[in-house]
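Note that the chains take the letters A, B, C and D in the order they are written out, and that residue 1 is the start of every chain.
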Amino acid sequence: MSDGMHDTSLAAAYQDVRRRSLQLAEPLSDEDCGAQSMPDASPVKWHLAHTTWFFETFLLEPREAGFVPFDAAFRVLFNSYYNGVGARHPRPRRGLLTRPGMREVRAYRANVDARMGRLLAACPDDAALASLVELGLQHEQQHQELILTDVLHLLAQSPLYPAYHPAGHSDAALAPARASEWMAFDGGLVEVGHAGAGFCFDNELPRHRTYLQPFSLASQLVTNGEFLAFIDAGGYRDPALWLSEGWDAVAQNGVAHPLYWIRQADGWHVFTLHGLRPLDLHAPVTHVSLYEADAYARWAGARLPLEAEWETAAAAAAGGSLADLFGTCWQWTASSYAPYPGYTAAAGALGEYNGKFMINQYVLRGASCATPPGHARASYRNFFPAGTRWQFSGIRLAR
Amino acid sequence: MSDGMHDTSLAAAYQDVRRRSLQLAEPLSDEDCGAQSMPDASPVKWHLAHTTWFFETFLLEPREAGFVPFDAAFRVLFNSYYNGVGARHPRPRRGLLTRPGMREVRAYRANVDARMGRLLAACPDDAALASLVELGLQHEQQHQELILTDVLHLLAQSPLYPAYHPAGHSDAALAPARASEWMAFDGGLVEVGHAGAGFCFDNELPRHRTYLQPFSLASQLVTNGEFLAFIDAGGYRDPALWLSEGWDAVAQNGVAHPLYWIRQADGWHVFTLHGLRPLDLHAPVTHVSLYEADAYARWAGARLPLEAEWETAAAAAAGGSLADLFGTCWQWTASSYAPYPGYTAAAGALGEYNGKFMINQYVLRGASCATPPGHARASYRNFFPAGTRWQFSGIRLAR
Amino acid sequence: MSDGMHDTSLAAAYQDVRRRSLQLAEPLSDEDCGAQSMPDASPVKWHLAHTTWFFETFLLEPREAGFVPFDAAFRVLFNSYYNGVGARHPRPRRGLLTRPGMREVRAYRANVDARMGRLLAACPDDAALASLVELGLQHEQQHQELILTDVLHLLAQSPLYPAYHPAGHSDAALAPARASEWMAFDGGLVEVGHAGAGFCFDNELPRHRTYLQPFSLASQLVTNGEFLAFIDAGGYRDPALWLSEGWDAVAQNGVAHPLYWIRQADGWHVFTLHGLRPLDLHAPVTHVSLYEADAYARWAGARLPLEAEWETAAAAAAGGSLADLFGTCWQWTASSYAPYPGYTAAAGALGEYNGKFMINQYVLRGASCATPPGHARASYRNFFPAGTRWQFSGIRLAR
Amino acid sequence: MSDGMHDTSLAAAYQDVRRRSLQLAEPLSDEDCGAQSMPDASPVKWHLAHTTWFFETFLLEPREAGFVPFDAAFRVLFNSYYNGVGARHPRPRRGLLTRPGMREVRAYRANVDARMGRLLAACPDDAALASLVELGLQHEQQHQELILTDVLHLLAQSPLYPAYHPAGHSDAALAPARASEWMAFDGGLVEVGHAGAGFCFDNELPRHRTYLQPFSLASQLVTNGEFLAFIDAGGYRDPALWLSEGWDAVAQNGVAHPLYWIRQADGWHVFTLHGLRPLDLHAPVTHVSLYEADAYARWAGARLPLEAEWETAAAAAAGGSLADLFGTCWQWTASSYAPYPGYTAAAGALGEYNGKFMINQYVLRGASCATPPGHARASYRNFFPAGTRWQFSGIRLAR
């Protein structure tokens, strides 16, 4: 799905990406790395091991002469969801695996990295190898984002408000955002999906035609201040604003504000990777579910964009008329996650990467502050269930 | 949303539809009418009362001078999901309402029918009235279908295999179905959504353009025999065929065949409204979830149609090239239930009719053997969660 | 376990008890008789059929020449918990058995009664038969009490407050209760358990010695007024008064008053078999769990009696120094339900009657307003889990 | 409740007990110490902190001039269940508290130990202080046992079978146990409960009279080999052997052998603190629930002892006629955990130590291999819910 990187550049990319995963774990204790705060999240240690398992399973095993796994038990422990590769450790119980410990997992990484280095050096022009390595690196970048979202969720469980990175400056923009404007687009017959030579996931293909009505997108993301107005107007208490399922979720869980917002005597705060901070009214609202995004949009007399609208606009927005397309937060769309016309999953276990999740999930577009630099693109399709709140998910309005 | 029926024809239609609901209850005892076999189903008595509540609430209350409700408590007991109309009795507890009994509910129906008769006679040319009455009748027809699906589910709970309608002939086709062929369609820019003067629900509007790749649909529905081949080939045990969520549902609930199939010493049987019958291999398979339909399609090297493909083909299929479009079983599509571009819900409580369910549900097209005659049409959008099996839901393949 | 009744007196007793069960169902519709309001309760229809199943299974089947069951399916449908007799219909799904209906169940009763009549006439002096028949009648009386408690719970689910027996006078005492006094007992070595010739259940045997410290029992049951003082003093909000498990149950379920108490604008009411009534402050409090009884006792500076204390006092109380021993409400004791020293269950399936429930249940002594006249005695051991509230359960203090 | 230890001996005892807790954590990584394998278990780190919290809260806070807590947040985080001391962190979420880490908890222990040292030195003859310190040490010993049981449960979650203490010799007896014999006791009026000057918990008081029938106890505990015979005879599949609730638990959880037994191709193994070991048929069976113990006893034609029987026999068994009274495994009794006649809980928060758990739990007597030496005695009352299996719980038969 790309023309790949190769020669020394691929080996260098491999080292860069792999090193960054360990850097993300640096501010954390071994205890931090072992805990799992909910079934949807995984321990940092597990992310570090699973991404290594990916290279061991899909690269080393089929290509290394006399392959011997680093540890046979790791084949089961660190398989995420690939039924085609055999048994798996149950996902909600990943936090109970105190053995192997972080030391063994670091050794596992070092071992696989050394063997991968030899493999890459031995096969400098193997396009199929390069393609798989690149998939593994993109996969690892996806888990780098999850490391940050999962750590944030874990630290939020402690009443001590511990910071992942205390010295860091605030997530929030220092300067007030500009007022949002409606950017109009013609629609009509457009093409969406990945084009060109770079890497993409299989769910971005094939590029295909679709038809759009004329539409407008907001130039700015919805801010904390705007969302607070929705709260203060009773938005969480008016069923007319909500999808039926969203209303039930809000009622059942007593949801009355975005995840990580905390009301204290001196006003609203938000728990971030830098600890507890006063709520920045000018920063984009994040950690809202699709239900909340949809209710806000209805309250604001607007709607959420279709993913094809977002992609078309993003492709046309080179001049920067749409702010925060990438790097602030993922943006919920109204599109359910479905295969593109003519989509075919890869053969074998890697075919499980994307296709089997195309049910009851919704697409988010863009990229967040937790997304590794260079990872995302206009055709990138992120997806989560509608109730998801622990991702850096925000709102761009359409109409 | 229609040009309505009026004058005597509307009053006659009212009487016809209302009478048919009672006819559906005739083979049932009061005990049968009171029970609720699962939260998704409702007692027949509740259906009979709720459809009456609809006319009382949306027609009589705003239009009858000196309106007095038949029974104030019924306003809460028989509200289904209209938050805009006030409190509701919890859905999973409808089967515990032994009071009011069937006798009172019959009296309720007779009372509202008499008052509706006077209202219709008094306002012969009131188009708004006619439109609301028609909505109420279409609504009642939807509940007529649910009466049959819910009764089938209830009777299936008894080890006695009681028949709803023992004297009836089999649901199954007597003659073998013809072999299925692939019917090819060009796709391109098409228009979908309701057109013309007749009634439609708001979710069928607005009619709008969409773009389709060339596609083919199977001329016949998947049969019990074909589905049995999938079972015998181990289809329920191969995770590669399943959506991830479907695989989990199958594993968790031990699903290994369509709902109501029962394996006995002398072969497969199926529980129907006419009791337990030997499985007719030539009849279309029904009572499968979207998960099962999708897995079957993948196994068969095909896919499920998009709702726009189905509608386009149905509109072009006047000559009958596609069998069983209506009247046998609803046909799962791969399309999530979403608003059409420009969709707007009605104002007030009736705006809750469709729009708020447009999340995590999938569209079925066609009509089933339980659908009242004349109720469905090519643009009709039925919708249920992907795991739904107690509806008459089947499979038409696409590719 | 008794010298039995025989000759005409047994046949007459049979008819009396069996007739009374049907009388209890007279104020109810068929719909009322079919519904099941929670897994712990059963439909009236089920009680009527199960008690009949008992005679068919334990009397007719082993003793009737050429025995043919009334309906083979009933053997499974109406078995309660006798593993030794084969399969059972799942308890929480009893309310879904709309077939057989009440008409068939009445026919089932009439059929078994006729055959029982012939059996009794044919074996006038069969002591073993008489003993089993008596067990069946005592068993039916236990279900007569459950019919009333289960109907009360079912009717309480309706917001209409329907009365089981509207014309009846209040449950509540008309005259104020006399002030409670402490009745002192010496304790020491005492004998408890059933003595004498009359019927008893196996769990009342063997009569045996036990040692009691000196103790006192309250002459009167705790009244609604006294319990209201506990509520008004914040009793439900003070964890120091509660057993840990009780505190969790209260918190989890939001319990703040006895079951069936309803606070309205004009004060406290209570839902009874005669409908909604103003709370009678002089009547004994009922429908409290052991947790609530224990918390009240601790608040009142007292404790709950041991079952041996209650029985010893009841045996000594012929002069009436202890009011309401029988006929008002069951009285929670602090004694867990355990076998008496030397207890042996009956052989065969009837051995499942009592013994296998001797775990995590607590003993109640006395009898309630729903207990059939003549059914209970001083050695009678009723038992329910500590959280049970739908029985007529009240409080007698000890210290 | 004792005459206490004082002067240097108390300070020395304090240091000994406190040091031993840290020694128990030595074979464990920080990750091991942070994980919680189920709601009933706690992380080792939590045990280490909570026992420290006990001294800080009940000793330092009321007695230290100018008391300042080590960390105010720890007051909430490490409160177990004392409602009287304020808010608590939810028990099932203790494993998510990666902050504070083990390093901070060690600092917390050192800080409190230093302050306790000063307090003890300053008040050499304060009997009330000595009594509270002794309670704190006994409390810490109880948690030392839980550290071992909880670590065993945690390590059992890993498919790697990691050993807590690999070099250790087997738990199992090296020599075959002698055949069990029935030791007969007269019963009659006996006294049970703690007597004498040493420490005891409040639930062992007051010593009081009770009456026992003549009884016999088995001289040996039930062995793995004997329990295997029960399994091989189909004991887990015969409902006639089980308490109703036990049968349901076995069926629901698919229980077919004691916890930690693992059947491999080469026979039965058992997971222990020393890793996976072949099952020693001569060693006492452990890790069985009361349900399993009761079913085994019924199958063996015996029963479980009453706690008064056990205590009476243990007191009379100085000559050693009863093997393994202490130090192998706790022994289930048939006695529900209830207050002794005249029991009064301590005033204030410490009154929550025992009394509020006297409901739906059953008494175990003796002591296990995980119990700190010197901690238990004949009058000691351990208690757990009937389904508990992760404790070192075994079976001594009675009849």
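By our rule, a residue touches a chain if its C-beta (ideal position, glycine included) is under 8 Å from a C-beta of that chain, and two chains touch if they have at least 3 such contacts.
The structure presented is a predicted model; accordingly, all values stated were derived computationally and were not measured.
J.: What rotation angle takes the CA atoms of subunit A onto those of subunit C? Round to the nearest 5 degrees.
T.: The two chains, subunit A and subunit C, differ by a rotation of 180 degrees.
J.: Give, as an integer number of Å, the spacing between the C-alpha centres of subunit C and subunit A.
T.: Taking the average C-alpha coordinate of subunit A and of subunit C, the gap between them is 58 Å.
J.: Let me have the rounded angstrom distance from the C-alpha centre of subunit A over to the C-alpha centre of subunit B, please.
T.: Computed from C-alpha means, the inter-chain centre distance equals 37 Å.
J.: Could you tell me the distance, in whole angstrom, between the mean C-alpha positions of subunit B and subunit C?
T.: 45
J.: Following the definition at the start, I'd like every touching pair of chains, please.
T.: Those chain pairs which touch are A-B, A-D, B-C, C-D.
J.: Which residues of subunit C touch subunit B once you look at their complex with the stated criterion?
T.: For this pair, the touching residues of subunit C are 29-35, 37, 45, 73, 76-77, 89, 93, 95-102, 154-155, 157-160, 162.
J.: Could you pull out which subunit D residues touch subunit C in their complex?
T.: 81, 83-84, 189, 208-211, 213, 239-240, 242-247, 290-291, 294, 334-336, 338-339, 341-342, 351-352, 356-360, 386
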